[in-house]
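Input: one structure, supplied below.
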Amino acid sequence: MPSGTLQIKAISAHSGPIPGQGVQREEDVCKYIDVTTCIGCKACEVACVEWNDMPFQQTTFDNTYQTMPATAWNYWNLIKFNEHQRDDGSLMWLMRKDQCMHCEDPGCLRACPADGAIVQYTNGIVDFQQENCIGCQYCVSGCPFDIPKFNSSTKKVYKCTLCSDRVGQGLEPACIKACPTGCLKFGTKTDMRALADARAQQLREHSGFANAGVYDPPSVGGTHVIYVLHDATKPEQYGGLPANPVIPPTYTIWKRAAKPIGLLLALLAAPVAFFHYVMEGPKEPAP
Amino acid sequence: MRDSWQKRIDRASELAARDEAVRPLLDAYGRLLVLQRDCYASLHAHSARLSGALERDLATVRACVPRILNEIARTGPPRLAEQARQMIDGGESAIDSMLLMGWRTPSDEHFFAKAVLQSYANCLATDGLHPIDRDLPRADNVCPFCGGAPQVSILHHAADTDGGGRELLCATCLTTWPFRRLLCARCGEEDERQLGYFHSPAYDHLRVDACDTCKHYLKSVDLTRLGRAVPIVDEVAGAPLDLWARERGYEKIELNLLGL
Amino acid sequence: MTNGWIDIKNTDMMLIMGGNPAENHPCGFKWPIEAKLHRNAKMIVVDPRFTRTAANADLFLQIRAGSDIAFLGGLINYAIAQNRIAHDYLVNYTNASFIVQEGFKLPEDGLYSGFDPSTQIYNKSTWNYEAGGRVSAAPVAAAGDTAKGGGGTSQADAPAPSGGAPPSAKSSQPRTGLGYAAQGPGGAKAGAGGSHPGGQAAAAGAPPSLPPNVAYDPSLQHPRCVFQLLKQQYSRYTPEMVERITGIPKDQFLKAADLFTSVRINGDMKKVSTIIYAVGWTQHTFGTQIIRTAAMLQLLLGNVGRAGGGVNALRGHSNIQGATDLAGVFDILPGYLKMPNPDDGDFATYVKRITPTASNPAEWQSYNYWSNTSKFAVSFLKAMYGDAAKKENDWAFSYLPKIDRNYAWAQIWDDMYAGRIKGLLAFGMNGVQIGPNSRKNIDALKKADWLVVGEIYPDETSEFWRAPGTSADEMKKIQTTVYRLPCAGFAEKDGTFVNSARWLQWKNVAVPPPGDARLDQDILAQIFLKVRELYQKEGGKFPDPILNVRWPYTQPDHPALAEVAREINGQALAEITDPTGQGAPSIKAGQQIPGFAWLKDDGTTLCGNWLYSGSWTEAGNQMARRGTDDPSGLGIYPNWAWSWPANRRVMYNRASCDPSGKPWDATRRQIWWNEGSGKWVGNDVPDFKVDSKPSDHMGPFIMNPEGVGRLFAPLSAFAEGPFPEHYEPIESPITNPLHPAQSNNPVVRKMKSPLDKYGEPAGGFNIVCTTYRLTEHYHYWTKNNPMNVQLVPEPFVEIPVELADDMGLKGGERIKVTSARASYVAKAMVTRRIKPMMIDGKKTYQIGIPIHWGYRGIAEDAGRTSLDSANLLSPTVIDPNAYTPEFKGFLVKLEKA
Amino acid sequence: MAISRRTFLQRSLAGGAAITAFGFDVTPIYAQAKSLKISRTTETRSTCPYCSVSCGIIIHTLGDKAKNAIPQVVHVEGDPDHPINRGTLCPKGASLEQDILNERRLLNPQVRRPGADRWEDIGWDQAIDEIGRWVKKTRDATFVEKDPRGRTVNRCEGLAWNGGCTDTNEFNYLVVKTMRSLGVCYLENQARV
Amino acid sequence: MNGAIERFDDRARRRVGAYGRTMVRENELVRHPVYTRVLHWSVAIFFILALLSGFAIYSPWLYRALTPLFGGGPTTRLLHPWFSLGFVIFFAFQILNWLEPMTWTSDDRRWMKQVKSYVTNKEPVEPEYVDFFNGGQKLYFWAIVASAVVFLLSGFPMWFPKTFGRITVDIGYVLHDIAALVMLVGFIVHLYEGTGAQPGTFQAMTRGTVERRWAWTHHPAWYRRATGRDPRTDYEQARQRSSRPPDPTARTDLK
């Protein structure tokens, strides 16, 4: 299992070099979720709540086995239950453990204007640092998976940390430890991806799921949580997993390119004015 | 496996930097680990020459010893330094008999033998050579590879459904073998009321697994609490727990390389 | 389970039906997953609902609750028609070749030969083998024809000479699931003359018995041989008929049949399949017969006794298996010894009645292990009454109550409601919630004089007097005195639980009970000692058994469970020598006996439960063993805890080898015959006579007097017939398409109290309702636990989308479910996971209700529920073999609330 | 060459400079050891009381048995050695700590008298005494020695026993012993349903 | 409608004017009464606060420099919408106040066509038709008005993302930033024009008065309206009075 202290790879809204970068090479971590062997037992939900010391909350019945409609600021790990009718009329009950995907190219981090509120470690974990969070919720819109959740009383945003505290100590995330069927595993990205590919192949060859595959969307640079899906061509049916998750173009195009250029152009007005003064001089009241 | 030695060395210096009281001990251990690593490296480089029978491997193993003796003679505590000097004077035969005795009738009280044989046995283990002339009794609580006693116990979580639980780390070859929870690693006591562990918040990932039947203990390194601990080094760093356990009248199953 | 949890990983094919292990046994479900991942095993799930288990299946079929026999019968028909059967296994290890008496009639009209409509009881004398040894096929008319009009001549329902057979055993006591258990209710019922509430006792006279030299035809061609009868019986279960009854479309059924029997294509024996079930099968008025059908299917396919095979009952609770082994039910004594009946005038008569004699072809051998019954019985009485049990007084046989009728769960409430039962002691058993027909149970308690409840949480039973809807005036009229005693939780007690795989595992005390709570065993001992003291002081009715109970515990009012466990294992009362003659050291008086082979019927041993002999020997507590080695890699773990019988992990494992003693599959070697040592050896403990040569042709099913597995269950093994037949649930949306004139199980009778009402489609009750549990909750227990309440906060009713659309109902709206007995209000969960079905041409809806809520609990106390119990709805009607109520598949109607 | 372990032990007990068996100075560590706050935890093997999978669990309890303190449950984990569950637990098992330490637990014997609308507390002795009398009274009133056909039956049909799903084998055996000796026929258990 | 606004403005001008005064020296004209000045500076203060807090969040480069001004990131984020709201409210009054003088006319179109000569200071005085505000000023004003509307519309979704939904927020994010850039450019030009580029202008917003010279130079038409005199004539007279007349050709030579 990958271990070692956490090295930061990217910091939200940070100018200048990243402290300690390059000091230590570290392997990418990855959570493997085999949706095809998940039994939706919610042991991972309990483990998450317990490890992160999250308060109990009253839930209400909502026409589903799902504990609540979506993850919450204090409920980071949620099995999403989806009834899916296949073309041949047969039914599938898809249970997908929803949590932060820890994108390689995290939209939240990209969107975040607060220096250090979101960091990405070299092992791939994207972690929120609430002490730096300014509560602007740009990350909420920046995330293609609808993961960051705002707590209106603390005015901060929270999400799954991939148990960065545990991983930093060389442990697996709490949810992994809890899974009774072994559909959750944790390891290096390479290993988990290989495992997932092998499982997907098994599903294609032996279980009649011709479209079985691994969900590791390249559009966000890959994720550090990967799913084995019965049908990787239609991830939407697993409780709204986007087929092609993209950070909204507003964040990519605008923030990466247009924004700095725009600002430069705007600020160009100052030297123009200055040189106008130098070259044309002031227009004094005449005479 | 040279990496694992390096990991131990790095961990020793990391821990030394953190804890003033234990620093001298860890510094000393770190220096020893360097010597052991080099010894391991030279053995590993000549692994083709090794047979697994120490008697036949003496020539190769012996070559490591003078450096260790010289270093201890120079920097070791007075008594060990004195012994090192005597052994240097004793020449090859003294060294050989020391090694063979440590190999065949192991004891945690033979410092030099243990220090050298750790490198040797570990090299055998990594090269897949089974010890031949070390006919020690087999039991659950000794190393299935070399017959050595356990130095430290390790708790870790299942990475998948096929692992997890507790392991013991061999004091000689430094390999691990699975061992049940709630079982005295010395006398096999299973009665939970006789077993128990002592824990201090100062060492969150360490436990003193004690048995009130045989009044022995060994430390456990709980990798489920600190996954990046290096058990054999963290064991040494938990020295205050040893002193505490001894005060309570428990004896350690196997002293570590620092005699604690 | 004939096999075990871990053993499921060895399978190639799983049929999960009548059970939902992913939800109710999540950690055990890792093993089916393991089989899928590492063996590419296939999983077929058949259930009224698309469950979380179904979500992991390769094939899911939605079945109408209560139509399981039709489905399984259809599989038998398919397997025979496609010749996907285990021929050698059938001939040698089952009674397929045995010839059945002339006069036996198959139930084309829904009735076997010998039915007496006035008493609703069968005369089973024709349900027997023919004597005569080996025969060849003779052109005789088929049994069904010859038997027409033939009834038995014997008037008496004879006590069976034998208890259940392994597979039949499973069925005869579904909660036990195993051959050993067969002795239980089957036996007791047989002893009671097959009687039911109000039934008559057996008449005197020589009962029919199994013939000693059975006629058989190894070519399986004889028209009256079991195989041909079986073939004939299930030939009626065509795919079309299966579709009409179960609602499973023919093409889907054929897909499943093809897949399930694919392990036995051309009779190849290498692969193995397992059947996994739970209370979805037992809780029917023909539950035992469903399980029996499954067992027959497994025998037909040669899957019993093999790693990755078997018929595997998943018990619903931590110690249901143990409670049955230790006779927590009325009809047996520990170790599945039958209860004495009033005709057992003395001990010898009793033993003779309950000891089977071998019945097999003369060339074959039968171990007939139950022939040791007298040793088990005497040792048990010695454990009960110590020195007071002497040969001279018939081992104090008279101390035991003699029974000749049904005293089972539903009968308790019926009799209490009728005012016959004055007092009830309920320890950890929430009878009001469990039902069925909870209202009746509540009203029954009002008629009792006293109730003692031992519990750890406030429960519905102890507060029946303030059940919702009870007015202050009514409360004043309830004269029942109720004691509620705080008991100890699991972590506060030691002792053993027996899991589904028959593992006895010792647990230790972690903490003392909180507050003023006491250990259950202390409370029981203190009550008993108080009663004994009163009898000593004041005398009373027949005080002898009370005064003479052996109570040797160091602290009588605080009996140490370790001492009790040692007593259950058995101890020598005098020096005894090795009964096997193999020269083991003799056992001294006072020492623990090493196993049940050492038990004696001369009063020199005592043993609380012969099945558990070997669990606590002189070598110590075997149930606390923690050996984690698994040399075979088959998941046997022989040194982990202790498994009955004799630490065998897979029962009937002789059947894992071919007749010559070689494993059917060399990669899954459990045991095998070692010619050199002349013994059966292997990775598991042979469930067999270890020195019986293959050439002796001893049958692998040693608990049956035949020595072989019973495809045909002779005589009184079952109340309603030697082969299972599909009958409709008591409340059914249709009449039985097989035989409309005999729709229900002919031997089932409805209860007669004013609160026992039964619904019919004509009365508007036309929706099939089933009840179940959820992963997140455990019965009526975790509603006291905030975490679980958070995960699933409220009760609900699962309703098909189509039905909701018909009603104009949206998910989350409140709905009222009404049965003939009561109403239940909860929110609707509108789902596509239950689809409308075409049952015999009629569009039929099913709905489902999880059972976890009542009127005490976190959500209940906070006023977030309607305070109804799901079992207000269920009917009081029971399986005639196992006496289990029909919680699954009753009729309701729905309206918006 | 061999150094007795005692050497070290005596020195450290005597105070002053403390060295290890090999002569390494541990005086500063010794001081640290004295200041350690150390608690004793006992691990108890148990079996999950819910379903029949029988997941092994380990209950950690704090409390020095030497001091006769009441143990406190501090942690419940799956037993990694257990061959069936291998350390994993389902959501019910994972919240067992809440079952052991639950504020809804019953703590005192209570009685509800005829016609009453509430519970009242009752002492154990009195409760046992009253229950014992009820049992005897009911048994004496309903005991049948011979049935109408004159056969000895020795049964008590006036009282019933309901046993629970989590009762241990040993408890169930005691139930058989006591209840059958009272002549109880209505002896049933969750096992039936 | 216009009448109502006019009446409101008049009332506001009177009321605020009563609390302050405008010192008019010799050769000076009142350009911006107290009310206008108060409004302007209120707008300016909130604008700058919003600008600084906004740009702190806008770009990581500015985040660390600017957030401390407001007590750290979270408070910056908290205050920014309130600053902006302040800006919008005061600016709304300013709009009402200036609705009339800022009205776009054909003269402004003419002015825009000759903007090059304005930028290059080709003529010493503005064309005669330039009234209270020239075309550039009006352009700036209306750009700010437009931006403020965009700000407001895009800012609310960003303030309350839950209520407005994701797409609105995403679009708002871009629009908000574009508006910010437009404002920034305008603001820089405005600063320059109001200070260095046109000496005497700044005073118009501080003391409220301008020299007559300034008026006939930059806003001849207004001069005419305010004084009833011909700006061109007054300019020529002044030029002749001046001992050293400006020599535009000399500047041209320098180029």
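Letters A, B, C, D and E name the chains as they come in the text, with residue numbers starting at 1 for each one.
As a working rule, contacts are C-beta pairs under 8 Å (C-beta built on N, C-alpha and C of every residue); 3 or more make two chains touch, one makes a residue touch a chain.
None of the values given here were measured: they were computed from a predicted structure.
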Interchain contact steps from chain A to chain E (minimum; 1 if touching): 1
A correct list of chains touching both chain A and chain C reads B, D
Would you say B-C or A-D is joined by more C-beta pairs in contact? A-D
Can you work out the whole-Å distance between the CA centroids of chain A and chain B? 43
In whole angstrom, how far does the Cα centroid of chain C sit from the Cα centroid of chain D? 28
Distance in whole angstrom between the CA centres of chain D and chain E is 82
Which residue numbers or ranges of chain D touch two or more of the other chains? 42, 44-45, 81, 85-91, 93-95
Contacts with 2+ other chains: residues of chain C: 26-27, 30, 34, 508, 626, 628, 775-776, 786-787, 791
Which parts of chain B, given as residue numbers and ranges, touch two or more other chains? 157-158, 161, 180, 182, 192
Listed by label, touching pairs are A-B, A-C, A-D, A-E, B-C, B-D, C-D
Can you check the complex and tell me which residues of chain A touch chain E? 12-15, 113-115, 117, 132-138, 140-141, 150, 155, 248, 250-251, 254, 259-260, 262-263, 265-267, 269-270, 273-274, 276-277, 280-287
Chain D contacts chain C in the complex at 42, 44-56, 59, 61, 70-73, 81-86, 88-96, 98-100, 102, 104-117, 119, 122, 124, 127-136, 138-143, 145, 147, 149, 151-178, 180-193
Per the touch rule, the chain C residues reaching chain A in their complex are 22-23, 26-27, 29-30, 33-34, 36-37, 40, 50, 52-56, 58, 60, 774-776, 786-787, 790-794, 796, 811-812, 827-833, 835
Residue numbers on chain B that touch chain C, as the complex places them: 161, 178, 180, 182-183, 190, 192
Show which residues of chain B lie in contact with chain A when the two form their complex. 157-161, 223-229
